[in-house]
Each structure stands twice: as structure tokens, then as C-alpha cells.
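Okay, structure first, notes after.
Just so it is clear, A, B, C and D label the chains in written order, and each chain counts residues from 1 on its own.
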Amino acid sequence: MDNFQEVLNEITNNLDTIKDKGVVASYIPELAHVDKNKFGIYLLDIYQNNYSAGNSDEGFSIQSISKAFSLSQALSIVGEDIWKRVDVEPSGDPFNDLSLLEIENGIPRNPFINAGAIVISDILFTHLKNPKEDFLAYVRSVANDNSINYDEKIAVSEKKTGYRNYAAANLIKSYGNIKNDVNDVLEFYFFQCSLTMSCKQLTNAFYIFMNKGICMQGKKYLNTNQIKRINAIMLTCGFYDEAGEFAFKVGLPGKSGVGGGIVALLPNKFCVATWSPGLNPRGNSKIGMLALEQLTTKTGLSIF
Amino acid sequence: MDNFQEVLNEITNNLDTIKDKGVVASYIPELAHVDKNKFGIYLLDIYQNNYSAGNSDEGFSIQSISKAFSLSQALSIVGEDIWKRVDVEPSGDPFNDLSLLEIENGIPRNPFINAGAIVISDILFTHLKNPKEDFLAYVRSVANDNSINYDEKIAVSEKKTGYRNYAAANLIKSYGNIKNDVNDVLEFYFFQCSLTMSCKQLTNAFYIFMNKGICMQGKKYLNTNQIKRINAIMLTCGFYDEAGEFAFKVGLPGKSGVGGGIVALLPNKFCVATWSPGLNPRGNSKIGMLALEQLTTKTGLSIF
Amino acid sequence: MDNFQEVLNEITNNLDTIKDKGVVASYIPELAHVDKNKFGIYLLDIYQNNYSAGNSDEGFSIQSISKAFSLSQALSIVGEDIWKRVDVEPSGDPFNDLSLLEIENGIPRNPFINAGAIVISDILFTHLKNPKEDFLAYVRSVANDNSINYDEKIAVSEKKTGYRNYAAANLIKSYGNIKNDVNDVLEFYFFQCSLTMSCKQLTNAFYIFMNKGICMQGKKYLNTNQIKRINAIMLTCGFYDEAGEFAFKVGLPGKSGVGGGIVALLPNKFCVATWSPGLNPRGNSKIGMLALEQLTTKTGLSIF
Amino acid sequence: MDNFQEVLNEITNNLDTIKDKGVVASYIPELAHVDKNKFGIYLLDIYQNNYSAGNSDEGFSIQSISKAFSLSQALSIVGEDIWKRVDVEPSGDPFNDLSLLEIENGIPRNPFINAGAIVISDILFTHLKNPKEDFLAYVRSVANDNSINYDEKIAVSEKKTGYRNYAAANLIKSYGNIKNDVNDVLEFYFFQCSLTMSCKQLTNAFYIFMNKGICMQGKKYLNTNQIKRINAIMLTCGFYDEAGEFAFKVGLPGKSGVGGGIVALLPNKFCVATWSPGLNPRGNSKIGMLALEQLTTKTGLSIF
């Protein structure tokens, strides 16, 4: 199993030579100022052995990766009823990064486009006593790490400039599929996206998705059926309109964020997180995608 | 492993009690007249043990399942260059079963929508000396079964009424992404769809997708990388705009056809085919989908 | 010219016998409670002779008819530069009454879809010292009637439930084509729509569009070129996605509102307003459309 | 009225100085080889006085202008029933010059997009004994000119490369809204488009649309109601997705073709044809549009 460490080192060396590291997200200053040369990778196998390289311990803004946590928490609270309010089909829309087109009669295409995650936030907002605090507590618990926190500056920045999310939320509200106040729901949503976590922390948290819903400390958060569903959605919808390409090249369920993080997993085998802030034209970490492609090619391990 | 037989029997009994078996495809008479109560299931594990129930030996029109074979043959002849002419993203279009909207600049969204399979047919038409004969020979060889044949009546029927496929092919041709004559390519395409096969024959043929590209007789048709790609596309695009739902509920790569057949597989474990002619509103076999959902739920075996 | 009075009487009698008067808009209580049997028509010729029948003196909520006034005021203040921020093409979208699809890169298709009128409101908001007061003063001046007023209850109702307008405004804002605060612009927009006017008052106000930009008192508000443009837009875009039908059957430039009002005009000849609260499925007054069709058929007067 | 001649001379001089004359259509060699510097204009008033400048007597390929003649002939044969098979709404689609998106359930948006004109051709094909001959006879009769003819070379060229029209026709056929053989209907359609006519001949033919359906020789072809409808459709749909712009800037009903011709008319006043082969990015003659804009601005004559 030491093999994993060798592979991570090799990948890190290979990718170091690539000069074009993509384009850092710039729509808010807090993301724009991150150093493009950062790279971290952290792999945790089911036996809880871990392997790492680069800046795997440094926190970054997880952004849309938080959608995996909010879906997980909503599913554990509400159960299968959440599928009445959000669909599970890939979005497939190459034209509209807002995915407004994809909100059919107020039902977003899946929980990993912004529109879908906003509906999930509305569901959580209804069921959690103190939404922001309770969601943070959930992530800390899953990751077994109380140092995880929101970055309030990022949340406030997104709130100020997130017009497309306001557009999506209001459109959904017009169909009655948001039950709470639009501003309240969006404020909660922006806080979720603002979580700062390292590759290590993300991998620890995703252990539940790899290990049948049971965390590293042995606590069960979700049943196997729910895990199967979350992993299926990660595979078909986890990478914006590049999901097909990721399944095709990497072959693992996963979730990416515009902060440059990606987490992926092979059920019952391992989970792995990468971080490199430069994005490709479709909004996923350029170097992170390559790292995971090399990982599954070199190890021959994928779900297919 | 005897367990599989028990599970198949249970599923067959369960599904027998369902009265609404969906709607048989009726756009050509040859499909419309099939008995809705037919049901077969056939499972083949990697050790070549087989298990079956119902009409698993009876031939039916495989229709779009043929797209897995044409993709496989094209990939083995042309290699990665085929991805210049067809994309690998899920289609996700709930409005247009023709998927004309999804032919961007002549590049179909994936090889499993009709538009994409027509481009694959064009590629094969260019490279095969006798397209119809050579494609049939390929399927017979993969399945190790020389009794497999086209149903010419079905092919002729589809040619007469396949206006949407003519529309798609001409639109693609207008972008230059069909190189041969539209009528020639479509005639070849309609023949592919007209193949008659049983659950058993389909399962035998799909053994290569489950077994790293190597057939039951030990011949290698595709390398592991190519198999990974085909399986990924089956998972994300194999079920029209119900691909997300299938991944979510069943959790296996697979391909369905309007003749009521579905083939699915768990890499390195087993492949399985079902047949029930009645379709759900999204064009997939209603009972077949349920059978496979029960199979993965009862056995706990899926890729996720 | 007495002829006009006869024609109006005939039309009123004809339409009185129609039992199905359409469906009154019900999205806010203030519109839902209007009596469906109300009908008024008022015609003013260029010589300022007027003819009327029914409830032509009773005020109703003009709603989208206000878009003609806001366009007119914006054009008179800013001139041709407004076309950099809103296009002049018909919307033609049968799927989306919100017309979000029609905001290309933040440029709405025309000033008479909600998205376009919101951009016009933003332009006015920038240039008017007291937007609400100054717009009201403009309409009063054009109509030469200081009794015209907003209905604040309606404005507040729309503000509370106008999620689709919030969606549109936020989407446009995301492209930078709204310069002021979204909430400020929408509040102003909802007040414009809330104007209460009678058929008589609307006809008096529209005299400028029929008479080369000069009002009944002889004051010039717009030049002939600007009038040509406003009339062209009324013809091609004045009736949601029924503009083609209206041009085809009635053959006059005009503007309708969900309050059941329609104003139309024949340049240099007459303008005419109708009111009947019941709407057809495309959102235009059912009886009003018929009245105007009969008017142009009986008199043989249209632009074509 | 001599004034018209002065205006035409002025316009011709003004436009002569413009260097960028647009881009000549190049999809078939017959259109590509036309001299870009050709310019003709011909105006005919209701009293049959005529005024002209430039190459107003030289024939060119009228292309989509033929859609006005086929609509006119179909309407005179079949009457209002044609509106069951084609709608009258502007297309408004900026994305798709093929307008496949605009064929809703097989009903094209209007008779002036290709899809709509193909349905009109199908209607004529059903009702005419010898479609090609009878349509030609109709145009010759309306124009009172037996020298008008098809350009068979152009028709054959379009037939060979018109894949988008084949796509549209097959899609419509799939909905049952083409009754005859697709190839027969398209061959007839391509011949219609191939008509060669001069500005003078076009103006003479369009006299019926300006003069209540009555031609220069006094024969009545259409009633006033039908004329009103054709003119309304010309105004709202006559210029692809630039119809709004043309109504806005020129303010006349009209029809353009990719051969560089435009015909427009002011009911009961005059009709006018221009020819300049270079097109603007939206497919209408660049210089022709400017000529007509100057004509209505200088004379103050438009429908608005």
C-alpha cells in the first residue's frame, strides 16, 4: 500500500512541470488573491492509512464541495422526500452556467447545480434550529475536526455580488419551491460555500461517502442506500457540464469547487482530495483534474 | 454464488404481480406486436457461471443497445480520434427526444443519443469494407454466436418512418460531421438497430465490457482504458434522459433499447440482461428497470 | 366621421353576447376582484373628436401599458443611447413568460418584455430626480390629467409576489446592465405598473404616439423619428408572444396589460383604448382583442 | 411626385461612397460569383409612375423573396386553413438560422422562415397539378412578365447542399405536417428560391400587396383581408431575426433574400425594390437596408 505514496509523489512531480496552471476564479477578491502555484493532494484508504504531498494541510475555500455536505445532511434529516423538490439528472447545459434554464417548473435538475443546492439549503433552513451553526457542527462532526470554520469575508463578498444566485432563487421561489425568505436562504447558502478546509480535512469528511456512511470514528451518518445515491449524483453531476468528461477520464464519483478543490472516492477503497486554484474553462481545477486522471490511470483503480 | 439464482427467482416473482407493464413501442408494426407479458433475465458472472429466469433465451429487437457495439467497434478501429467527432457529456435535454438541440456545431453530445450513434455509424461506414456484414460479424464474434442476425423487416420499417433520424443526420451533415452519403449511413444505422438477440446473447456479448475487454473465449477486443471509457459513457448516457435516475437507483453502467431490453454490468463481477417490452414514459423498459433496481438492492452490489 | 360611434355601438352589442369573457388575472388580490363583465371602449381621432361606449370612463390598473410611457420618457431624456441597453427584436418565446431566456448577455430582447422595461426603469431611475413623482408627472402631463395616480396597494402586492421580476432583474444586474440597486429599480417599476387610468385617459395620453409626438394641447414630447420607433416596437412587441397574431388580425401598433386594457393607434388618424378584464391564454384581453379586430375590419382602417 | 426620382438619386450617390458593402452569400458557387458593387433601386407608386436608379433592370436570384409569392398563391388557393399548418409569430431566435427550434410540434413559427416556407410548398404541391410550372405561371402573371424564369443551376446547387432544409423538412414530416414526399417538396422549394428577377420585375409583382390585391392590369389576386395578413407577416417576420430592426428603422412591410434583394411597400402608396449582393451579419442586404432607411427618412413616408 506504500505504493500510493509513490504515486502521489510522481504525480506531484509530473504536474509541477506544467506551466499553464489555469485561471484563478476572480469574481470576488478573496478568491482572486490565492497563489496559483499551490498544490496539495491527500489520500486516505479505508484502513485509515493516509498519504499526502504538497500543500495538503493548507485551508482553502471549498465552495461547491459544500454541496456534498448539505445534500448529505438534508438526506439524513428528511430522507427520500427531498427528491420531490430536486431532480437527479445531469444538467448538460453548455450554454448557461447559471442553469436557470434547468429549473423546470421550479424543480432544479440536480442538487449540485447552484439552483439545486439553494433548494437543499431551503430544506435545511426549515429543519435546522440554527442553520449556520448546525450545518457547521455537522461538517465538523463528519470530519472529526472542530477547527473547521466559515470565512465570513468570503460569505459577505458572495452575498454582495451573487446576482445570479438571487436570480435562480427568486425564479424557484416563483414556483413555490423555496419555502423560506429568499435572502435568508441565500445568506445560509453563501456561508456553506465559504467553508475553509484543507485536502486532509476534506478527505477525512468524505470518508463517510467511501465507507458506507460510517465516519472514521465509527459513527453512522447515512445508510448504504443513501450513500449509493449521493455517490451516483457525484458521478453524474459533480463537475458542472464536465461530469461526463470526468467520469470518462477519471472514473470516480467526486465534487469540485471554484476554489480549486476536488474530492473523489472509490467506494470501500479510498478517498482523495486535491487542491490547485487555477481552473480550466469549465470551472474545475485544471491541475486537480490531471492529478486524479493520473492517479486512476497509474493505479488502475476506478469504478469502471 | 447460488444466491444469484435465488435473487433472480425472487425478482421474477415480485415483478410478475405488477399489472401495469408500461407501453410497448408502437412507431413500427414489428415492435408494436410484441407480447407485453414477456420477461426474461440472464446473469453471467466473471467466472462464467450463468443464472436465468423467464424468457431469457428468446430473441427481441435490441435497438439502441446496438450503440454499445458500434461504439466498441469504432473505438477499436479508430481509437481516441473518435472523440473529435462526438462528445461524452450526458444530454440532459428533457424537451427533445430527437436531441437535435444537442448537436452543437455538428458534434453530438454523446455516442448514445441517436445523433451520436449516427456519427459513429458514419465512422464505421468509412472504415469497414462491407459495413453491414462486418458489423454483424463483429457482434457475432464478441458474443461467440453465429446465429445472431439482423431483422430486415424492422430495418426497412425504420427506414421508411425514421424522419427524425433523417433530420438529425442532415443537420450533422450540414456541419460536415458526416462524411458519407446520408442515406447510406442511415441504412447502415437502421440495420444495426434491427439486430435480434436474447438476454443470454446480450449478456455473453457484454462480457467484454465487464472483463477488461476480453471475451469469454479469451480474445481481447479493447484495452482497459477503452473499457473504462465505454463503461463511463454507459453510466452517464446509457438511459436517455433517465441516466441520472438509473445511476441513482441501480448504480451500474448499462444500455437500454426501445425493444424493452437492458444490459448492465458490474466491472469484474457480473453482467446481466433483462427484457420486458413495456416502456416507461422516458423510453426505458419499465419492468427491466425495476428488476435491476431490485437486483442491486438485494445483492448490495453496485459500483457505488 | 359619426360612423365611428355606430361602429363602437355595434361592436359593444356584438361582444355583449359572448359568454366566455376569458380569465381575470389572479396573481394579486387587487386584480382578481375586478368584475369580468366590465367593458369600455374610447376612440379619439386626430381632430380630437371622441367616441365611446360602455365603461370608458372607469379607471383600471394599466399594468404593462405603462411600458409605453416609460419607454417614451426614457427616449425623450436619453435619446438613441437607450438601444445600447435594450434590443428591439420580438421575443417570440412561447415557453417562458418571464423571458429570462431572452436576456442575452444582459440585453433584453425589447423594452416591452418585463426584463426590458426593468432596464428602462433603471435608466429613468438614474436620470430622474424623484423617479416615482417625475414619472407620474410625465404621464399626467402627456394625458393632460392631474387626477391620474398610482394604486399603492397594487404596487405593494406586486412587490411582495413579483419573484420572477426579481429573478429577471438580478440576472440582468449580473451582466452589469442595471446600474442602480435592484430593489430600488423594481419598486419604481411596480409603481409604474400600478397606475390607474380609464380608456379615455389612456387614449388622450396615446394621442402623442398617433400625432407625431405632439399632445392634444400642442406640446411636442418626441420627434417623428422617435415616434416611428415606438410605434414599430408596439407593433412587433406590444402583445407578448401574440404580437404576430395582433398585427395579423388587427393591424395596428398597440400595447396591452394584464389589467385587461389595450391601447392601439393608426398614425395620423385615431387612437383607441379598450378595457375588458378577462384574458386569453396568452395574457391579452380576450374581448378587447376581438373589439379591435372588429373595429379595423368594419372600418377598413389599418396600417396594412 | 418627381421628388421620388431625386431621392433615389441622392440615396444612390450616398451609398456609392460606402466601401464595406457586406459579404456575398457563398454557400453555392452561383451566388458567390456575383459582383458585390451592383446596386439597383426601383420604385413604383400606386399611379404606376416608376422611378429607378442603378442596375434596376438586371436579374438576380430572388431566393427567400419567393416566400411572399408562395404564401400569396397558397392563401389564394386554400384560404385561412393554411394557418392550421403554420403560425404567424415572429421567430425571434438569435441562435438558430435553421430555426429547427422553432418548429413546435411540427408547426413552424411563420411562413417566412425556411421551415414555414417548406410547409407552404407542401400545401402548393398538393393543390397544383404541375407545381413547378404552375408556380412559375403565377409569378409571371402577377408580375405581368413572361420572361421571368427559374435558374436551374441554382436550384440544383441548393438541392445538393441544402442539408439544413432536409433536416427541417424531415423533422416536420416526423410530426405529419408534410403530406407529400420530402424530396419532392424540397425540389419544388429549391426551384421557387431559384427565380431570377430584377428590381423592376419584383416591384411590378409586389404591386398587388400594395394595391389591395389588385395587379397593375387590374386583376384581383387576393382580397383586402388576405393582403392585410400578408403585409402584417412581412412586417413582423420578413427579415429573419432582424425584423424588429427593419420595422424600427424603415417602417415598411417587406421581404429580403440572400441574393441581396429586398422588396418593401407602403400600402396604397408605393412599392420599392433594391438589390445589392453584400449581406450584413444577419443575412440581409447591407446596402439595401440602408437605402430603404434613407428612403423612408427622407420622404417621411412609413406605416408608422
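Everything below uses one rule, namely that a contact is a pair of C-beta atoms (placed from the backbone, for glycine too) under 8 Å apart; a residue touches a chain by one contact, two chains touch by 3 or more.
Quick caveat: nothing in here was measured; it's all calculated off a predicted structure.
Chains that touch both chain A and chain C are absent from this assembly. Comparing the CA-atom centres of all chains against that of chain B, the greatest distance is found for C. Between the Cα centres of chain B and chain D there is a gap of 47 Å.
A separation of 32 Å divides the Cα centre of chain C from that of chain D.
Here the CA centre of chain A is 55 Å from the CA centre of chain D. Of all residues in chain A, none touches two or more other chains. Within the complex formed with chain D, the residues of chain C that make contact are 87-94, 102, 104, 109-110, 224-225, 227-229, 231-233, 235-237, 241-245, 247-248, 251, 253, 267, 297, 300, 302-304. Contact residues of chain D toward chain B in the complex are 98, 100-101, 163-164, 166-171, 173-174, 182.
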